[in-house]
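Each of the next two complexes has subunit A plus one other chain: subunit B in the first, subunit C in the second.
Coming up: the complex of A and B.
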């Protein structure tokens, strides 16, 4: 009887224990040692052997190595180019055949991007927890979340003015080789000259730091809270996605973005390969703009804005309507069957493109701000798909 | 002096053996004769006051500060306003120059009083006379290697450039590349965003900001010493300078303080803590020591703080 009970218990454990708990490696760290060498570390589970996958775009993944069961580190010494983004996924041996399709499977662990030769404080504080104390004070914080200071954006711009990161968010550029000679254009656009900074770039429209979420078009007019900040959209910590996108917004506490920032030195740019989740992020402040298919013909249902508005849908495929576009879409197909999403027409940070004229039919101030962050001058984003 | 909390408090406490005369500047107050050297011998570092801008406008995000070799003029990169501000040692604003500058972030002055201004974002070095006449302008093509200066210093008639590429460039004062060493990475001898550099006649100390450590090289580029993060206690060291006694001053930008170390790189004091006025700091970046004065660019508060240094440790 005892033996039967034990057997049942084992079966029960096998049935109820998630697959990841017995196979996925834990605590993966990816540490660029130089421009051409990257170290990977992990904690193996139950003597599993693992396949190590590498990608620069999230679409094409290469199985670069298979470990033995006792191995908990690997050094990538071949095929690494400085100032190119690399992504890694470690899966239980022989269980994943194509990470672009299987990246979220439970027996694999995805690692954030590596930026050889640079390390990123956003990923490597776990290597040295002294870094925690740079920003947080256990008992004497002066800001929320035990922060040592109040100027969060000043912290971000300490590095992201370009002096300690390859990402200069002011000019909206990415260093291609450690200098600013012929930099790549950033996928997120440019903020331009934020207060206290200068920039070669004039942002015609931008997500203004310090603005209040209650001012967001399509958002909750009664919403209060801190002004828009870098951490409104990004986490300082590793959120297991390509751009440390936050997992929580005022309207959505379950944001799960999957995407990749692709280094494209040939075309002088870094572009996003977006898989899913961006609309969840944007709708954190603009919930009523999360309009579904048909909202251009029937008024969309509204939460905060006056009912009766017709809105361009997101989450629809141009191909369904016989349309094509050169603008970015969200999905894994890489063609016009992928979905229209917020970044199809808009930059996340700011845009140098000429702003469209204010919506003259606007009667409630919903779109009066003309902060459209458009990817094309005026309304030519419309033409890119509709070709009227 | 041991490095403990009590010492830290003591270090910024005004203790003078004889009498004290301080004239701490107050923004909006009289901007002449701001800084008065204390009478008598200091036994601890003393806050003297602040430099806040010209007659009309305050500084925006000042990144670097330097004093000429004759100890007459204080030069500040008013980075956010694309200009250089010049003060005398009393703290009087004298003039500004640099209409062609674009986010100037690094600064050094040679024995002839020529002012070298580095811009990492444009990859340029401007050379000005002390009165602001443009004498030279170098870019990557002129120097013959990618130029992206994060920090500058001058020693041995050599302009030392801490380059964003992870290299240290040794240039003649005419802009000719003499030597370069280092590369991006985190192994000993590699550098990641070196945002500070200070040299003696035989050693070059570099703030290896991205790796959270200091590294010491000789002029041939040989690695002499690594002061790791665990010993340094600073995650992202930036501006660095040395006094005549060989004591080293490093800006702990994220810690909102400047750490004073002895010649063995052992912390012996810290100056400042987070705050928005007075002797408090918010993201200090540049450090300069000249004579018995310490200058710190208080970046987010838009000013330069000035301290008097004691004769003894």
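Coming up: the complex of A and C.
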């Protein structure tokens, strides 16, 4: 009887102990020290040992090291190539087998990106950082939030015009090696020349900074305040979203986007491995376009301003309809069973592709050359799936 | 002196024009020719090579060009051709090129124009990707399948009107006689707008209840809905048959696909008697049946014969025939016994419903009504009755319903003729009498023929070959041999 009671006590302890003994590490901080060395920091909870995971695309993860207990930092010194994007995640030892599948807030940190050799100006600040002063001026700021520029877009372009960041949003390119020789094509496309900035390319269409997206039915452009801006879609600081995408839009206020910008020097590009959430960002201004399966056959109803219209759906898999595509899809499968999303057809920033004719105007039959930020010349995005 | 003056004058003129030429730096326009040729989404330019340092290409939509106000398209060097792709479809552009030959010398071409022709939007989308938006809208479509209009027909009629760039189909649907009901069946019921006209000019593909029924055009298209015309489609009007014009008979041979001024979407009236309206020059049945069956028991020679036969504004081919298919031979709607090989076919009025219908002829009046129905008033014989019921003859042995033939019946009366070939010449005392076999005379007539080896002549008292109309008993010769 005593033995039975002791056994029950042990079982009770075993059942309850893990609830407090195993807890997720937090606050990962990824700080490139050079082009080949990356420092990792995190906060442990109960002196566990931790698995350190590394990936270049968010799909294939490698457990590069398992720490001793109570360790809260690690320096990656092997296998790092400058100007390649890396992603890190710290998980409690032996609780994760594939971060793309089973990492949760209960067993791992969120994913921290690194763009060696540069430390991002947007997050993972260290105690001795000077990065704050890149954008803010404590006592002589000329813009809101102590910004050094009155217009936030102008501030962004001080780096992203090709002069400092490896991301040149004007030309829509990413530096391959720290120079602008043979750069990689960016995933978001090109804005072309913007106010006060020249560009090597001409954007046929773009998300025009300062404009209100009133042409996209369903939006609430007044909520953008002074109009479309870099911070309409991006936050300056870490949101834990892909590309520090903002969490707050006019229509959606808790946008969560998972994705990975993948360096693909072989194919001269950086592309997005989109997992989820992009449509939530876009529908923050274009909610009527967030159409689901069947919307091409049944008219939309109870939409923002344009009831009764038929719309191409998002969130549907080409494979379901027997279609294939070379355009990007959103999901974890990496094939045509992933889902059509806004970026399947559109660039986020702008497009240099040949202008497509606009849709037929019902009233006068006139057409106009409008590009719609399309990824391909004219309407080749349609043909890529539908192959008519 | 005179010669000297002339030389000096010529030198002066040469100097004058030379200096003038250098001052203006302009060659004659004839020396610098520009040609423009329109393409589907471009305009090609070709000009005379005048060894210029550069060529400034100007474009305008106004035929009266002023270079200062025209668009400078490009400046090119060491070339004499150029393709301008910054152009819109269905638009005419004017071009002029300024050749910069040196710092002091320029040369202006003629103004050349060309039109960017409309690039048809159907098919080949890998090469023609700008065409999708001609019919579809990605996000704010008014119709299903993201079509720009609520009704797919309206999408088609955006172009296919009298004023549009496509073939004018809309007008065809306004023809007054008959129309394919596009309100029920849509353009897309028969056409697939995604086909390429290079593969099928009419883009034909029939869809029934959302599923493809037939692709590739032809009669099968029509049978998708008109399957009732397929029940005996192995006849002469089968699409596989070759007509005398070496064209396959198909539904479209006789019918308009969209609309017609006539009923049943007909291209023309079924016969030409008393009618002059034709569409596309067809005379319908007679187009093919001008000389059908020569030498056969159905011999007739088309329109001329028909006009002597059952021609009127009441009857037409369709009165007796159903051209698609019919339950009786020769596309006949009703019975018409034609097996003359049997010498003992018992008369049954139901065997001749083609004749005894529509109040044309009644069995009773033909057989027993003496007034005008082959009644021999002299011998009081009902000759139809005798032939059909006693001699077991059939109509076809003595009549050609399409019309008489003068060699058999020079009077061309009563559609009398002998298509069955069961009659032959009378041989009298070893001498052949020849034709014709039937001759009408005032007040009656006579036959001079041998039927089943029995002479119808004066020598045969039973089968007397002469008949007398009731009112003409006393005036008609009894025998032609008297």
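By our rule, the second predicted complex is superposed on the first by the 313 of 388 C-alpha atoms of A that agree within 3 Å, B and C clash if a C-alpha of one lies under 4 Å from a C-alpha of the other, contacts with A are read in each partner's own complex, and residues count from 1 in each chain.
Simple rule for what comes next: a residue touches a chain if its C-beta (ideal position, glycine included) is under 8 Å from a C-beta of that chain, and two chains touch if they have at least 3 such contacts.
The structure displayed is predicted, hence computed values, not measured ones.
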item: Subunit C versus subunit B on the shared subunit A, clash or fit after superposition; value: fit
item: Touching partner for A:179 - first (subunit B), second (subunit C), both, neither; value: first
item: Touching partner for A:311 - first (subunit B), second (subunit C), both, neither; value: second
item: First (subunit B), second (subunit C), both or neither touched by A:337; value: neither
item: Touching partner for A:130 - first (subunit B), second (subunit C), both, neither; value: first
item: Which of subunit B and subunit C A:289 touches, first, second, both or neither; value: second
item: Subunit B versus subunit C as contact partner of A:379, first or second or both or neither; value: second
item: Which of subunit B and subunit C A:248 touches, first, second, both or neither; value: neither
item: Least C-alpha distance (whole Å) that remains between subunit C and subunit B when both complexes are overlaid; value: 17
item: In the complex, subunit B residues that touch subunit A; value: 60-61, 79-82, 102-103, 105, 120-123, 140, 146-148, 150, 164-166, 183-187, 190, 192-193, 195, 209-212, 229-230, 233, 235-236, 253-256, 274, 282-283, 299-300, 302
item: Residue ranges of subunit C touching subunit A (in the complex, touch as defined); value: 88, 123, 125-126, 129-149, 158, 194
item: Contacting residues of subunit A [partner subunit B, same complex]; value: 31-35, 37, 82, 117-119, 121, 128, 130-131, 134-135, 142, 148-149, 151, 154-155, 158-159, 161-165, 168, 171, 175, 177-181, 196-198, 200
item: In the complex with subunit C, residue positions of subunit A that touch it; value: 217, 288-289, 291, 296-297, 306, 308-312, 345, 354, 356-360, 362, 365, 367, 369, 372, 376-380, 382-383, 386-388
